[in-house]
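Note that the chains are named A, B, C and D in the order they appear, and that numbering of residues resets to 1 at the start of each chain.
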Amino acid sequence: MRNLFAASAAALSVMAAPVLADNNSPNVFNGNITEDEVFNAEKGWCNALLEISAANMKGGQPAAKKVAENVLDTGYAYDNGGVLFKPTLTVAPQTFRSTREGALAYFVGGDPKFPNDKGFALGDWTKCDVLTDGVLLMGNNAISMGQVTVTNKQGQATTVDKTWGWMKDSQGNLRIVLHHSSLEHTGS
Amino acid sequence: MRNLFAASAAALSVMAAPVLADNNSPNVFNGNITEDEVFNAEKGWCNALLEISAANMKGGQPAAKKVAENVLDTGYAYDNGGVLFKPTLTVAPQTFRSTREGALAYFVGGDPKFPNDKGFALGDWTKCDVLTDGVLLMGNNAISMGQVTVTNKQGQATTVDKTWGWMKDSQGNLRIVLHHSSLEHTGS
Amino acid sequence: MRNLFAASAAALSVMAAPVLADNNSPNVFNGNITEDEVFNAEKGWCNALLEISAANMKGGQPAAKKVAENVLDTGYAYDNGGVLFKPTLTVAPQTFRSTREGALAYFVGGDPKFPNDKGFALGDWTKCDVLTDGVLLMGNNAISMGQVTVTNKQGQATTVDKTWGWMKDSQGNLRIVLHHSSLEHTGS
Amino acid sequence: MRNLFAASAAALSVMAAPVLADNNSPNVFNGNITEDEVFNAEKGWCNALLEISAANMKGGQPAAKKVAENVLDTGYAYDNGGVLFKPTLTVAPQTFRSTREGALAYFVGGDPKFPNDKGFALGDWTKCDVLTDGVLLMGNNAISMGQVTVTNKQGQATTVDKTWGWMKDSQGNLRIVLHHSSLEHTGS
């Protein structure tokens, strides 16, 4: 299956692979993540959410689940070292989702092992915007923090505070190693 | 001033500096953060919160502010590259605190530029416990995620979901480069 | 084919993959290279050289070439980002071998594009010892420097000064990203 | 004293420190070493060698030693984690110089503890050129490999094969953590 993040973000196709030297210039092997790769990957996450939601609206939960599995397999690092994940709406004692199974349940529900998960990505989302507050670039890892606003087909918008940690995999695509999402504090 | 994190966590005094070789063994220069250093730094954060709170109970906000400044200068990386900080109780448009000034206002209040900040560390906290869910070790950076429960002198406990990013500074102490804290979602 | 480095160094089979938590302890995802992994990989390089040499003594250059290809494919990072390689005995203008093809020619010769390469690994080596002087550990990269002494079946020993750079690949095996080897300076 | 590397390479003054955001764009904290920073630091090393040599020609070994000390203190990482150093002309058992003292002896001689060191930088060098073959960029570390040709005032040129490992320090300057230098192999 194609990589949704790469599909939605052309810059992600920039490989970690060598820029081969011509006769006059050095070989440069660069594994560092750039600022633009982070911004594109953030947009890629939004697009992935919208694709899952669209699949659900068109084909129901089974169709959404299929898309979500691809998102997890290509955009998260469950098979590339591990993921720390605190989704927006999980409740104790299943707050954290360090397994692909727990992440999938959060996005599309339908897993009796996670009875409180209704499927966040099934929310008929039709719009998703990222406002990045800050980025840390640390070699082939990066962290970004900001707000994401998702809007459903009824026009209702929800804003969450979000931190993502990224790694660049051996194909040069960014994957999520950290995801902490929380509802905005209202102060009341 | 002493480094509160180091003071409260003996393992943090393990230097990044060389383990000098005797005649028979190689020099090993190791800048990597270990699991135990992360656990100790997490406890160090709790101890720092309790020290600010204790200073306030004894000497009022000015005393607490002095301790908080030391915590920020020795335990955060505002002077070592930058910090991404989403505190538990901030509200838009001042949600994120990428400056030392904004972080100080959050912890001890009293800054007219941050009128909604009442001073989180002035909450008469007498107990602070960390339950770590996961740790990512990435050279001289690390990320940890889990829950922190703070209890005040009336015995009221509050649990927050927390992600910390750490770096090891040139003295071998851990500093916070990322801090995302959010109230537990109740599901209602 | 099996990974020669892993074969010769049991510790290399320690995966970068998660150490799964039981119910009471955190998940720890650790991609850092340890001192012992470096020492084992250095021994693995020696063993790989001896295997190529043994294959040559038994089956001639074609047999040696087959082993050398496996060594390069499993122990060097030509397909994992790139390699900087200055072999001991190369001469200008083909001093540096940034391609797998150039590295293979150095080890087993027989490539008309590299006419000065006689095949270093065809030297009837029966012994190979590493004396490490120093190691730098930098997350999933490491550098080690020291001397390697190779002895042939006639008992003649040659000592070279050597620097290796290592990366840990997605299977948790170390691969060479840097290799600078030079004959000892005699002072005359 | 000023940092010779920074002095000779303006790009090195680019700080690791935050690029502060205006109201519309995110804070980006970038600690990664760039290709151009490596090229500038390589030139900086050449300039440093020429400055030591010039100081010697003008003021003798004591003047050269003073410059060399500054070069080591600002351009090497002896106080920032450690250095692996195999100079071009050292002989066993003092081949490797993991201490500032041993490095200083190599550059300017005059140290009875290192009786074979005549002072490489006292060679009346008036020209120093770098031809980079390859660069590995790995976050706040980098490695470069290539050839350096030094020419003395009599016009005699010597070419060496060289590998440098770099780190970016807390002031944003590059420092040498690895230095392997060797005379070209002549093939005879």
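As a convention for this text, contacts are C-beta pairs under 8 Å (C-beta built on N, C-alpha and C of every residue); 3 or more make two chains touch, one makes a residue touch a chain.
Computed from a prediction, not measured in an experiment: that's the story for all the values here.
In terms of C-beta pairs in contact, C-D outnumbers the other of C-D and A-C. Chain centres here are means of the Cα atoms, and by that rule the chain farthest away from subunit C is B.
Note on chain placement: the centre of subunit A and the centre of subunit D lie 42 Å apart, centres being C-alpha means. Centre-to-centre, using mean CA coordinates, subunit C is 27 Å away from subunit D. If you average the CA atoms of subunit A and of subunit C, the two centres end up 37 Å from each other. Taken residue by residue, subunit D touches two or more other chains at 21, 27, 29, 31, 81-82, 84, 98, 133-134, 136, 138-139, 141, 144, 146, 177, whereas all remaining positions touch fewer. Considering their complex, residues 16-18, 21, 27, 29, 31, 80-82, 84, 98, 139, 169-170, 177 of subunit B touch subunit D. Put simply, subunit A touches subunit B in their complex at residues 81-82, 84, 86, 88-92, 95-96, 98, 116, 133-134, 136, 138-139, 141, 143-147, 159, 161, 163, 165, 177-178, 180, 182-187. Looking at the complex, you find that subunit B touches subunit C at residues 21, 26-32, 35, 132-141, 144, 146.
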